[in-house]
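Both complexes shown next keep subunit A, but they swap its partner, so subunit B is in the first and subunit C is in the second.
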Partner chain A sequence: MDVQTLLSLLFEPGFFTSEPVRTAAVIGAAAAIVSGVVGVFTVIRGQSFAGHSLADVSSAGGSAAFLFGINPLLGFLGMGVLAAMSMELVRADRASERDLVTGVVTGAGLGVAALFLYLDMTTSSTTGAAVTVMFGSIFAIPASLVPLALLVGAGALLAIGVLYRPLLLSSLDPDLAAVRGVPVRLMGLLFLIVVALAVALSAITVGAILSTGLLIGPAAIALHLAKRPGLAILLAAVIGVAVTWGGILVSYDSYEWTGGRGWPVSFCIVMLIFVAYAVVAQTGPARERRQEHPLPSGEKPHVTSAG
Partner chain B sequence: MARGEVLAVRQASVSLSGRSILKDIDFSLEAGEFCGLIGANGSGKTTLLRTILGFIAPSSGSVTIDSGGKLASVGYVPQKFALDPYMPMRARDLVALGLDGNRLGVPLPSPGRRRKVDEMLESVDATRFADQRIGNLSGGQQQRVLIAHALIRRPRLLLLDEPLANLDMRSVAGVVALLRRLSQEFQTSVLLSAHDMNPLLSAMDRIVYLAHGRAASGSTDAVVRTEVLSQLYGYHIDVVRVHGRVIVVAAEAEDDAQAAVAHDPVHVAQVP
Partner chain C sequence: MFEDFMVNTWIAATLVAVVAGIVGFFVVIRGASFAAHALPLSAFPGAAAANLVGVNPLLGLLVFSGLGVAGISQLARRGRRDLATALSLVMLLGLGALFLSRTTEYFQAVYALLFGEVLGVSNADLGPVALLGAVSVALIVILFRPLLLSSVSPELGEARGVSARLMEALFLSVVALATAMALPVVGALLVFSLMVGPASAARALTNRPLSAMLLSGAISVVTVWAAIALSFISDWPVGLFVGGLSALTYGAGRSWAWAGERGL
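Showing the complex of A and B:
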């Protein structure tokens, strides 16, 4: 089999010339890079639930955008940022309390989304809105959305770049950061707003509900592989782009073997993430420990000798 | 504050949620002094440290730190530092954050920065595990890395909250010896909280003894005495010295205090 045949098997005809595929690849990559970078901090800070909650609440904005015919990215963005600020401004110092606040806000946001989607369906009979908002329709993204998406992505990356060190320190331990004069609460607020940007980008790509997969998955995989922060961030971005493009390819090719119906891109992306995580989770720090801590003879940890 | 003093706590009282935690705490530390903050669990050690750090405002009295013109005047090693093994951070990354973790922007590789981090890691004998994830280090190794993080800017005052808890005996001795050496080398005053004073007896220049929200301070010999501790506790306490160790015993156990005193040598009184 020559290379030509192999490539044509891998990439169905028209893949590289299709306008929707190209738009999907660009926006998908932007969403994946931002989600990967932001995701590493989200996981380190133990805010995966907050990230998911922001996505759910932003779906209210996305469905409102459909109802009123405005740019869906702006809808997700506006609602997400609003939710981020209200979640952070509610003074909830205990983790359990914070969880409750997040949970209640999430419920309310999804409720509003349900209302808007219902109105979408009854007033304008756009039955596709629910699927698009919740699960994404990456091939249906108009090319006109690309500049705004890239702008939002660049803004999020710039913010992470500027906040990098104080954010890392306060994610590690708020007290250590506070001693160094880092405004820890402000850091938390700014970070959650950046999460809202990442989530909005993912929402138009894989849908609001599945954006958690793109936010947490590549970051989780990267944390298994990298042992320094910069490398973990880079790796998460690369893995994100790889699974996103891989998912687009599998979805595009699937039209061939599903008789023209095709599988949704979101499904393909999150399945690739799941499989990759399942493979990587077999390895990780546990193995590193065995390799890097050979016990030198005569030096035993945790010896309790008398005296 | 008097000349040579790095920290002055003057008649400081602290209330949390309307409950009085500390009353009229009064002591000071001079440059390079090594001081143990000794007290049973719940005696207010962490509250006192957090007050000195400025996280809690005293309801009366004052806390003054002489920064000596330095920006980073206080280093801090928190008590609870349970790191997830997946945290993508090597020992040297945490130490580097001690150097410039408050600065904006992504750190650019620089030979000067690298050299400072290497030197600091060497000072705490952490070079051997400098490139391992902190989450995978033993408790004693983590303490060394945290101490390096806190000291890399050469602060005049280093506060440590129960750094010896959960360490095996060999690590305890190692960490105490390290702190004693660094406090002299860097002329940094060390204030270290512990519920057991024994590992610190040979290292301490000064002891601050907390009980019932009050403190007695002075040299170990002046404070850890039957009369002083009895006055601090408000009932009779025996200080017993056996095999170079100090055991504080309540003769008549007063309700809940008894058990705690029998196990955790602790307490206080005003020392002239």
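Showing the complex of A and C:
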């Protein structure tokens, strides 16, 4: 079999020339990189639930954007930032209380999402807003959204870059960070806002409720493979881009296998993430240590600070 | 508001509220909000799958919430619980995205499953709701002491022969049952509001476990009744009011506890 045939087996015709695919690949990669980088901190800080909740609440913004005809990315973004601030502003010292606050904010935010989706449905019955907001539609992203998406992504990465040392310290050991004069609470707030940026990007890619996959999946895999935060961040970004592009490719190709019905991109990406995590969790170096000293929920993993 | 077609709604919503309030008490003291959020959400693709295969949606919900419990417990053995929860959740939701792309049922159905459809409760729906609710409450009653002990102090529980892992699995199963029961009525995303808001308020009002649990059930019922009434009057979705009122209840509970600490 020559290379040409192999390539055309792997990539169905038109994959590289299709405009929607190119837009999807660019925005998908941006979302994956930002989510991977931010995700490592999210996992270290034990804030998976907060990350997921921001996505849920931001869906209220996404559905409002449909209603008012504004840019969906801005909708997700606005509501996500609002949710991040309300979660951090309610003072919660214990982890279990923080969980409750997150849950209550999520419930209220989802209520608002219910309202906007309901209004979407009653005022314009043709748009599949609920499905698009919740599960994303990466091939339907207009190319005009690319500059804004890249800007948001760059902003999030820049923020992480600027905050890197104090954020890492306050994530690994809040008490030590406080002693060294790091404003731990402010870090928490700024970090959640950055998470909201990451989540908004993946919400338009894989949908609000699946953005958790891109945020947590690659980061969890990376932290299994690498113990040093810097390396884990790099790895998470690479894994994120790999599964996203892989998912787009599988989804695109699946139109051929399934007779034009295709598998949704979100499904393909999430499955790749899940399989990768399952494999790494079985074989990763972290396994024996975790089993000897099972971590109680909410406790931070033993990640050694880089230098 | 109390016309014939609303009678079933009131009955079903009351049953759901009582069960969610009671189960919610344990959700709050175990700090299991994420699991309580993830299980309903990951059960929801079950309804789409059932629709695809042509079986009773309730069966699909039960199977998928069971898968959620299995996924969380299995993955949590090798890693942290919040990661296990997040990853099981997205995996099942990913399947949901696939099933939804395969069904012709689209917009209304997805919306109803996510946010509930309290006005469409038929006589035939009431039976399963009552049955699953009764089983959930019965399990909580039977497990009350060991579950409470294991939730408050897993170490003490282990010392007295109560396996923390078994209690976790049983607890998640009860949440899953309550989920399957409540999902068709209040929707995947708001079962959870009912499990968290009223119970956290109740905990702020009393320190005694049994009173807190009963109070939580009562607050939950009042929340749901008010939400249905407001929804009926305004014609806005019931989910908005369930979520909003739960947040208000939580806020009220926090303020009460705050005032109590300062001797007001």
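The rule is short, and it goes like this: the second predicted complex is superposed on the first by the 282 of 307 C-alpha atoms of A that agree within 3 Å, B and C clash if a C-alpha of one lies under 4 Å from a C-alpha of the other, contacts with A are read in each partner's own complex, and residues count from 1 in each chain.
Criterion: contacts are C-beta pairs under 8 Å (C-beta built on N, C-alpha and C of every residue); 3 or more make two chains touch, one makes a residue touch a chain.
This is a predicted model, so every value here is computed, not measured.
In the superposition on chain A, A:Ala108 makes contact with subunit C only, while subunit B stays out of contact range. In the superposition on chain A, A:Gly246 makes contact with neither subunit B nor subunit C. In the superposition on chain A, contact is made by A:Val179 with subunit B only, not with subunit C. Of the two partner chains placed around the shared chain by superposition, neither subunit B nor subunit C is touched by A:Pro20. Legend: residue contacts after superposition of the two complexes on their common chain; A:Val162 is shown touching subunit B, with no touch to subunit C.
Judged by the number of subunit A residues each one touches, C leads among subunit B and subunit C. Applying the stated contact rule after C-alpha superposition, one finds that A:Val131 touches subunit C and leaves subunit B untouched. Once both structures are placed on chain A, subunit A residues 224, 286, 301 are touched by subunit B and, in the other complex, by subunit C. Residues 40, 44, 161-166, 168-169, 172-173, 175-182, 222-224, 226-232, 284-286, 288-289, 292-293, 301-305 of subunit A touch subunit B in their complex. Residues 43, 46, 48-49, 51-53, 56, 90, 95-96, 99-100, 102-115, 117-118, 121, 125, 128-131, 134-135, 207, 209-210, 212-213, 216-217, 220, 224, 261-264, 266-267, 269-271, 273-274, 277, 281-282, 286-287, 290-291, 295-299, 301 of subunit A are the ones touching subunit C in the complex.
Across the complex, subunit A is touched by residues 28, 31, 33-34, 36-38, 41, 75, 78-83, 85-87, 89-91, 93-98, 100-102, 106-108, 110-111, 114-115, 154, 187, 189-190, 192-193, 196-197, 200, 236-237, 239-244, 246-247, 250, 254 of subunit C.
Across the complex, subunit A is touched by residues 53, 55, 72, 74-76, 78, 81, 83, 85-90, 93-94, 97-98, 100-107, 132-133, 135-136, 138, 149, 168-170 of subunit B.
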